[in-house]
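Each chain carries a letter (A, B, C and D) given by its place in the written order, and its residues are counted from 1.
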Amino acid sequence: MPGLEDLYREIILDHHRTPRNRGELPPPAAHAVGHNPLCGDEIDVYVQVANGVIADVKVGGSGCSISQSSASMMSQAIKGKPLPDVLALVRRFKGMMSIPDEDGNPMEPDLTVKLGDLEALQGVVKYPVRIKCATLSWNTLLDALAQS
Amino acid sequence: MTTLDVAAIKRQFPLLQRELNGMPLVYLDSANTSQKPQVVIDSMSTFMERAYSPINRSAYQLAAEATDAYEGARVKVQRFVNARRAHEIIFTKNATEALNLVAYAWGRANLHEGDVVLLTHMEHHANIVPWQMLVQERGIVVRWVPLTADGQLDLATLPQLLEGAKVFGFTAMSNVMGTITPVQQLCSAAHQAGALAVVDACQYVPHNVTDVQAWGADFIAFSSHKMCGPTGIGVLWGREELLQAMPPFLGGGNMIADVRLDGFTCAELPAKFEAGTPPITEAIGLGAAIDFLCELGMANVRRHEIEIAGYALRTLNERFGSDIRLHGPCNVEVRGATFSLEFRGIHPHDLSQVLDQTNVCVRAGHHCAKPLMRELGVNATARASFYLYNDTHDVDMLADALDSASDIFG
Amino acid sequence: MTTLDVAAIKRQFPLLQRELNGMPLVYLDSANTSQKPQVVIDSMSTFMERAYSPINRSAYQLAAEATDAYEGARVKVQRFVNARRAHEIIFTKNATEALNLVAYAWGRANLHEGDVVLLTHMEHHANIVPWQMLVQERGIVVRWVPLTADGQLDLATLPQLLEGAKVFGFTAMSNVMGTITPVQQLCSAAHQAGALAVVDACQYVPHNVTDVQAWGADFIAFSSHKMCGPTGIGVLWGREELLQAMPPFLGGGNMIADVRLDGFTCAELPAKFEAGTPPITEAIGLGAAIDFLCELGMANVRRHEIEIAGYALRTLNERFGSDIRLHGPCNVEVRGATFSLEFRGIHPHDLSQVLDQTNVCVRAGHHCAKPLMRELGVNATARASFYLYNDTHDVDMLADALDSASDIFG
Amino acid sequence: MPGLEDLYREIILDHHRTPRNRGELPPPAAHAVGHNPLCGDEIDVYVQVANGVIADVKVGGSGCSISQSSASMMSQAIKGKPLPDVLALVRRFKGMMSIPDEDGNPMEPDLTVKLGDLEALQGVVKYPVRIKCATLSWNTLLDALAQS
């Protein structure tokens, strides 16, 4: 299908078909639910923080290929990472999605933060409606971290 | 094969002539909002270029002419839904405001703690949330009419559900599944139980002959933008006695007879419910849309959609068999040409994205009917909705586009 | 003599080119509603012909483009009034709905029996009746700021009047007398007393540079149709924290994050206050009107109106002396180019009828400001209001037409 | 002023300048107030009915030349008339003003009912906005009669 290769990269379809870190974590792990009001998708993010490090993370709920693969790649990228690195990654990812900063200005990418596989989601920016799909799990992660 | 000359109709819709990325548009999102024929667009620009003026307030000739044009649009709406009096037609900003008007003005004057409002599982949020606000504020109780397996209202327990109800709010046609409900029967059941019948006619009025007196309804709400008219205007029709007895909703200019420092008195209908400067140009556009629809004939529009719905059901089922699931009834006599479809487990968002590659425009989402989505056991559906400018070729284009979705997500 | 090239501007307004009964129109009713430039009319027809689509809900390219266009209009409004964030701009159907939104949503959550709302004697009904409804429902108390002899706010007792007030609602410019009020000073007086400042900016935003942050206001309301834009859309601006803390107003699609059978949760700003399908085409038109105004420069518009107001004051007073009475201030620094006039005891209705013979369009009536009419000791006035497309020749035409009224009723 | 002769006939201006039956009547005379929401005009009609006849009528309030002259001519036309004749005159006058009947249909003029001077108000029909001015006192009269 011409034109969609940028969006539906093979690695995205792979994470969509075989999502990583699916499941739940029991309390005291933090848990947040994110809604995409546009499509009704709901995503659950569970995080266990220990000694300032993401000890474990699980993702539940359902969604489109973009939101599912974004959540799956996110879970891989943050697992075992110290919190400051995670927050820097969130910022870097949102910047790639052309989300502005708190004051509404474009975010300068911090190139020392590596995106790895997540780079494959870059094509989403060309489809503004899907940006919300890609960032849903990330915002839900922030909610969960705020609780823990 | 069809009752309408769709090729000729399509030519009257400039956007449907447009190519996007070198391909024609296949617009299948009319349940969301319809496209506009040139006559509607022109009626608005001509009005703004040659006759624009305030209404109701000024005495000079230009203003008198504009007032006549605005009130003329009201009479067109009156005739279109066969209301008894023109002043039973209230212009609002959309159907949502119309339903809120009923819940705020009639509801807050008449509903008290423990009072029951009966809704259905296939309501649009616009006919749910205004009542839920009264649950929070007043402690009223909402009950729900369940659905049958093929997406119709399950009326087996209706008499029990209606017992003690003060309002029965229901849609005349589901915006998700296309189900047409037995409005007349539901209105009389409501009345037998002593409840008012509040009909969400958003998806019905654009597609069928509407007769509020034959229905025996108390209030109906619909939106111009779904019936070839402009955005920015909707309609509440209400029975004169009810409208007269209700307190006003929005306060301000036009809706008053007098304002003193210590209070105000209301104007007569319909001004009482039209506070502030109304959507003047939009009323002109809505009037032109009604003329356009009347010329085609609403009975013909309905017949055409029965044909399209039948063709779509046959084509999609034949081509995709168990790979596709179409929600709602398969009897075209009780459904419109609006289809929510599930296809090979592909998420609706992904599906609509792929269809968009060949300019097949369908909506993916919850369609402002989350309770219904939960009943259907999904977060969202992809919805293809057909209107008077769609033909069987558009159905084929949809089917072809579904094929390519299989290729990617297969 | 003037800052604007009015001849060139007039050519952009098709209706002002129109002849009625063989004579050009002298449109002096812009305080009521303004005429529309061709660019605004064209922006709307082009949008409907080439880009019309639902917004916020569908994912296909056409819908994404329309959503961008709609949200782009919001950003234009944001910049036009210098709001801090785009989501502080709420699109309503008109200014009246905007003020009702504040009274219903903020008011019903925060005002209780005995609470004081301070208004002024020169308010439009749109900033009176919504509060009077709360007098009936809640037993709040309304107090009034009186006027000076030349039609300005009499601020001598303002601190006492504001004592214990929770809201100070006032107009930035009187639609009857043209008086411009000291908005910034009034906002800070309100805040000192712990009251919110709700500014009716209907007559200000179309005619002057607006800066809600410099004002320090809490809410402002205005209408597109008075600022060269279409009918069917108005604006509420509110401070983010207030909008966030308030309950919603209208319930339905778009304003929810989730709806379950047992209740709903609200969407984020601005969707929270935009229930149902918004005035999409009208937002595009309003955006085009703002572009048009920005190109002229609002400071230039204001300078032009100061010149016209000065010329009108001189001309009418010189030609008619004590036969004419112009309400409101004579210092053009504190007034706009809107004049309520009494002429030789001729009833305003008769006066406007006679002026209409030479197509001089003025409004006769109470201008939705009956409390002010009673202060002025009249039932009604004839009002001539000038805008960016009026020139000194229009003032002369008005004066000539007044002469012929003398002939009949002399 | 060309074009306005039809509206502002000399007899109308005369009644406007010198309104007949101005004033008030004390109770038990019936009294009603009419508002023209368009222009803010208010009119007071006082009627004293005795033996089914309009024994006296007075008009107060203020308004434009059309509403004032219409009220003045009305007061002359009904004074001393039996109620059925008055109601027939109201109907005839409203018919001339192209006011529809209760069912929204045009009213057939009953030509046996004579309008006299009131005929001069015929020109108002060409100015629809002014019809409300012309009929204000008549509707107020009906309100007052309904009370008595």
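Just so it is clear, a residue touches a chain if its C-beta (ideal position, glycine included) is under 8 Å from a C-beta of that chain, and two chains touch if they have at least 3 such contacts.
Everything numeric in this text was worked out from a predicted model, so none of it was measured.
Inter-chain spacing, taken between the CA centroids of subunit A and subunit C, is 45 Å.
Subunit A and subunit D have CA centres that are 76 Å apart.
With centres set at the average Cα position, the gap from subunit C to subunit D is 37 Å. Contacts with at least two other chains are made by residues 57, 59, 63, 256, 258, 349, 353, 364-365, 370 of subunit C. Shared contact sites, meaning residues of subunit A that touch two or more other chains, fall at 38-39, 127, 130. Taken as a graph of touching chains, this assembly has some other topology, since it is neither a line, a ring, a star nor fully connected.
Contact between chains, using the touch rule, shows up for A-B, A-C, B-C, B-D, C-D. Of all the residues in subunit B, the ones that touch subunit D in their complex are 56-57, 59, 63-64, 67-68, 85, 256-258, 267, 271. Contact residues on subunit D toward subunit C in their complex (touch as defined above): 1-4, 7-8, 13, 38-42, 62-66, 127, 130, 133. Of all residues in subunit D, only 35, 37-39, 104, 127-130 touch subunit B in the complex they form. Those residues of subunit C that touch subunit D in the complex are listed here as 347-350, 353-354, 357, 364-366, 370, 373, 379-380, 404, 407-409. If you check the complex, the residues on subunit C that touch subunit B are 14-15, 18, 20, 25, 27, 29, 32-33, 35-36, 38, 40-42, 44-45, 48-54, 57-63, 92-97, 99-100, 103-104, 124-126, 128-130, 132-133, 135-136, 142, 144, 223, 225, 230-234, 248, 250-256, 258-261, 263-264, 275-282, 349, 352-353, 355-356, 359-365, 368, 370-371, 374.
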